[in-house]
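Before anything else, here is the set of structures, which you'll find just below.
Paired with subunit B in one complex and with subunit C in the other, subunit A is shared by the two complexes that follow.
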Partner chain A sequence: MRSKNISHETVFLRVIANSIKETAAYRVNHVLSFLVILLPLIFTSMLWTAVFASGTGMMNGYSKSTIITYYVLCILLFDVLYPGLNYSVSADIRDGKLSNLLIKPVNYLTYNFAIKVGLNLVYLLSSLLLACIFVLLFIKSFYFPPAARYLPFLLAVLLAFMLSYLISFSLSLTAFWTEEITWLQTLIDILVPFTTGAIIPLAFFPKTLVSVIYLTPFPYIINFPLDVYLGNKSGGPLLHGFLMQALWLGALYFAQAGLWRRGLKRYQACGG
Partner chain B sequence: MKHFLSVFRVSLRNSIYRELQFGLNFVLQCVGNILWLGFSLFFFYTIYQHTGLINGWDMYQTFFLININQLVIYMYQIFFARNISQLPGLVREGTIDHYLIKPIDLQFLVSTRNVDFKPVFLLPLPLFIMAHIVKTRGYAFSGRDLALCAAAFTIAVLIRYSIGFMIAAFAVLFTRISALNAIQNEFFKYAGYPAGIFTQTQQNFFTFLVPVILIANLPASFVLGLLPNRYVLLLYATLYSIILLLLSRIFFYKVLGKYTSVSS
Partner chain C sequence: MIHVSNLTKIFRSSLPGDNALQAVQRLIFPKYKETVAVKDVSFSISEGEFVGYVGPNGAGKTTTLKVLSGVIHPTSGDVRVMGHVPASRHPAFLNGIAFLMGQKSQLWWDIPAIETFRLNKAIYRIPQRVFEDRLDELGTLLRARELFDVPVRKLSLGQRMKMEIIASLLHGPKVLFLDEPTLGLDLFSQEAIREFFVEYNRVHKATIMLTSHYTHDLEVMAKRIIMIDHGSIIYDGDKAGILSEFSKERVLKLKFRTHIPPETAEMGTLTVENDKECQVKMPEKDLREALKQLSQNDDILEISIAEISLEYAIKKYLTRNSIS
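Let's look at the complex of A and B:
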């Protein structure tokens, strides 16, 4: 057999490609998942249209156009940026499949990141297409920012994606210590939608509560990128936001590395 | 009937034992559910700080609606949600064989074999909020209205059950169908939105074709005095639920007809 050296980049790209193929294999589920996006888009835009039709002008700095845009983007990005538990990581640890991956010349953190990228790429591209059709057909008041704002927005989303992945990966490593981790998912489901601004933009919250929430990485996952898109953050606050995203990324990277090292010392795989 | 009740009693006892084994998760899920209700109320509270009415619905009517929708969700979770979600697995893994040989109606058995106890502890909160709203706002309704509200509520749970069961039976045919479950959850989540947000055409669509308005708006209307055509709608909802229940049954047995046991 001819041996061939494969670079880490090639492995990364191949894992992404496999992940895309796997997602695309379940076509019925994939097509139906469009509807999961479509429903909140429809109901949310109906609700806000009715609210603003009742005579409301501006709400905490949001107009009808910007609030609908906030929710459209939030619905679109929520599943991609949601830092829920990565069950395949915890299953690898619990079922001993991790042993198989440890002997391969791939970094486990990068390997799982590639899987997440692959899964979300298909989802994001197809739901983006659906959202575009929906916006063009039904939402006349969707807000399009000046061209210069798209790049900072995309950067904020990219950093948010990495932030979300590191939170999710670090939390999933608790499987090294305990088999039962559903309580952790429950805790995430309680805290995340509220603190990321997915339910209501953080500008609607009392100031004291907002300052507490901004001590966590969660507002930088959804609320911050959407604020960048809508132009609510510019100049100093924009740079501060990016800096905080970078700081949280660094902190979480070291946290997961520490957890990984300690976890591996405890790890025992039974069976062949 | 006695036979059904005794089977249900045994399921109830087993469910309590199982829940108590996962104490922390139990508490967290209860807290999570309470917080979710709080977030929903906070969401509409924030909106109503800027507007008095949303197409005729005031804040307290909307709060009442959210809570009645939450009660429908809890009732569905208590009796059916867990069992229905496990149905595709039972068929795929062949464990449904154990139920096929039992001398009781199969749909009843697979639908009610477990009772989820968490939501039972959550029932008092929405009930208290609803009672408080009725008391402080002084809504006038008769005993008959209350009975009709209870009837519409039961029908709403039945509609929810039938749709859930049909989707689970459908899921048996496919390997991955999680999106279908997500779709029905989304639909019923928005059942707590006031019907006033819809235009007339949308209201017709979300009443007669997709029963979003029948789930919470209809039961709530008997107490709040909204939806002028509520009596006709109740009649329609009754027929709708019966047809859905029959369809779910037909569909389930049709799917089961293709079943070949995979267990040893």
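Let's look at the complex of A and C:
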């Protein structure tokens, strides 16, 4: 049993390593993608500076500094945390490339997760690193929390990352049933930016709407980790948030396992 | 080693509408088209057998291999490989098989093949020494050792196929499903791969099922032939069996000095190659009479009696079967 665990770890690390090497083959693209997040960074900090210039000290519990920090972090983490469709999963299913993994003693969920981790590590070390330097140099009102808050923040981001992965993985398994899944991406693009708090912090929404949104896993993907960073969640609410993240992880894990089992029975291994 | 009884696989695919209105309608009330890929197929293969699985495109060969390797679930029927139900994907089963898909790459595209090999080493838990030895052996045999460190996307089709073969065999599988393993390879590599699989089969007592459109592959490698057409098995037996069914026929290759005389058409089935050369196919019993006749013809330049090839026999078998 023990040796089994060790071996699984090395498979996991090997896939991460391969994924990094493969992604790193397109280095220039990653440096360029830094420019994609640069403009929103400048724009939102200008926008909120203008909003707060007209007088108000606090807005729905956010100050000028914390709201700018909220958006900066949101822009930085958006690509990593956004639960969009996982196109490598749906393509594997649709084009039959999944067959090559089905004949091996590997777990597709963790295999594909490792690929995603590798991709994000490259992103973190290229465009995100550049963006962080930019933020430190030019966004003066960026807020730094007390040291004790970094660890809970990192934990919340990690759980959010896994949550987001499980959502996109489960949704992508739809490819077992239908070839047409772009409508799903459209649906995600309509719902997710609002419900995760990526467009505007959920505190700005009407109370009843927020309580409905908090019944879904989405607020725990972006809004919650950022609240942890900003200190908007501490003590009981903080623990409650972590608990909800864990519960959703468990629920989604069972959901994807069921979908996977049923989907495999329909898998056609197209082509060749 | 492999037991298949009454295997049937039906693929169901939803039909898109002919127009926009129908498309919306089908979205809510889907209509399905059923395709029977494999129909009530049964066979058994014992340990160490080398079987050629033959049939025209779309006959159900690859579908059978996909079911046997656990990639797809059968619609009905009982399938056992090494005592396991393939679709359950038991680790002991997966560790013991290889499925070489000529048209589907398992290699990581932008990085060297050695990275895929190392990943497979971790997946199958291959000890370092064994890994190095096998890599050495396979690399030398396929004359491909210097390709290990080249990004896969820079390899030619044949070079990539060699990498696929190596990646599939590193864990020393006991049951091999080979789907078009020589596709796109040059003659030397084809030869090397044939020899390799024959040797692998002999030394490791590995059970091998092979599909190939190159009849020469079957001639060299397979001892037994299973032929499938329209999802059903139409022949199952040794290679010699197919040949002997047609050994009562002979093909005469003829070359004339000036022109092909009209009486050749009466000897049997005439295939004209150009105005001086032709082939005549006839029952064995008519051969003597035909030769006698031809020897009296002053215009004759060359006569040779061709052997019935496996390719000819298989083609003949398939056409005869689809007519009846």
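Note that in this section the second predicted complex is superposed on the first by the 261 of 272 C-alpha atoms of A that agree within 3 Å, B and C clash if a C-alpha of one lies under 4 Å from a C-alpha of the other, contacts with A are read in each partner's own complex, and residues count from 1 in each chain.
Convention: contacts are C-beta pairs under 8 Å (C-beta built on N, C-alpha and C of every residue); 3 or more make two chains touch, one makes a residue touch a chain.
The structure displayed is predicted, hence computed values, not measured ones.
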Just checking: does A:L32 make contact with subunit B only, subunit C only, both, or neither of them? Give me first, second, both or neither.
first
Which partner chains sit in contact with A:D189 here, subunit B, subunit C, both or neither? Use first/second/both/neither.
first
With the two structures laid over each other on chain A, which partner does A:N100 touch: subunit B (first), subunit C (second), both, or neither?
second
Examine A:N18 and indicate which partner it touches, taking first as subunit B and second as subunit C; both and neither are also allowed.
second
May I ask you to decide whether A:F204 touches subunit B, subunit C, both, or neither, giving the answer as first, second, both or neither?
first
Quick check on the superposed pair: does A:N232 touch subunit B, subunit C, both, or neither? Answer first, second, both or neither.
neither
After lining up the shared chain so the two structures overlap, which partner does A:T178 touch, if you call subunit B first and subunit C second: first, second, both or neither?
second
Overlap of the subunit B and subunit C footprints on subunit A, listed as residue numbers
26
Listed in rising order, subunit A residues that touch subunit B in their complex are 26, 28-30, 32-33, 35-36, 39-40, 43, 46-47, 49-51, 53-56, 59, 180, 182-183, 186-187, 189-190, 193-194, 199-200, 204
Where on subunit C does subunit A make contact in their complex?
11, 13-14, 62, 66, 69-73, 87, 89, 91, 94-95, 97-99, 101-106, 108-111, 115-116, 118-120, 122-125, 151, 179
Can you list the residues on subunit A that touch subunit C in the complex?
3, 7, 10-11, 14-15, 17-18, 21-22, 25-26, 96-97, 99-100, 102-106, 178, 264-265, 267-269, 271-272
Counting only contacts in the complex, subunit B reaches subunit A at residues 22, 24-25, 28-29, 31-32, 35-36, 39, 42-43, 46-47, 50-55, 174-180, 182-183, 186-187, 190, 193, 196-198, 202
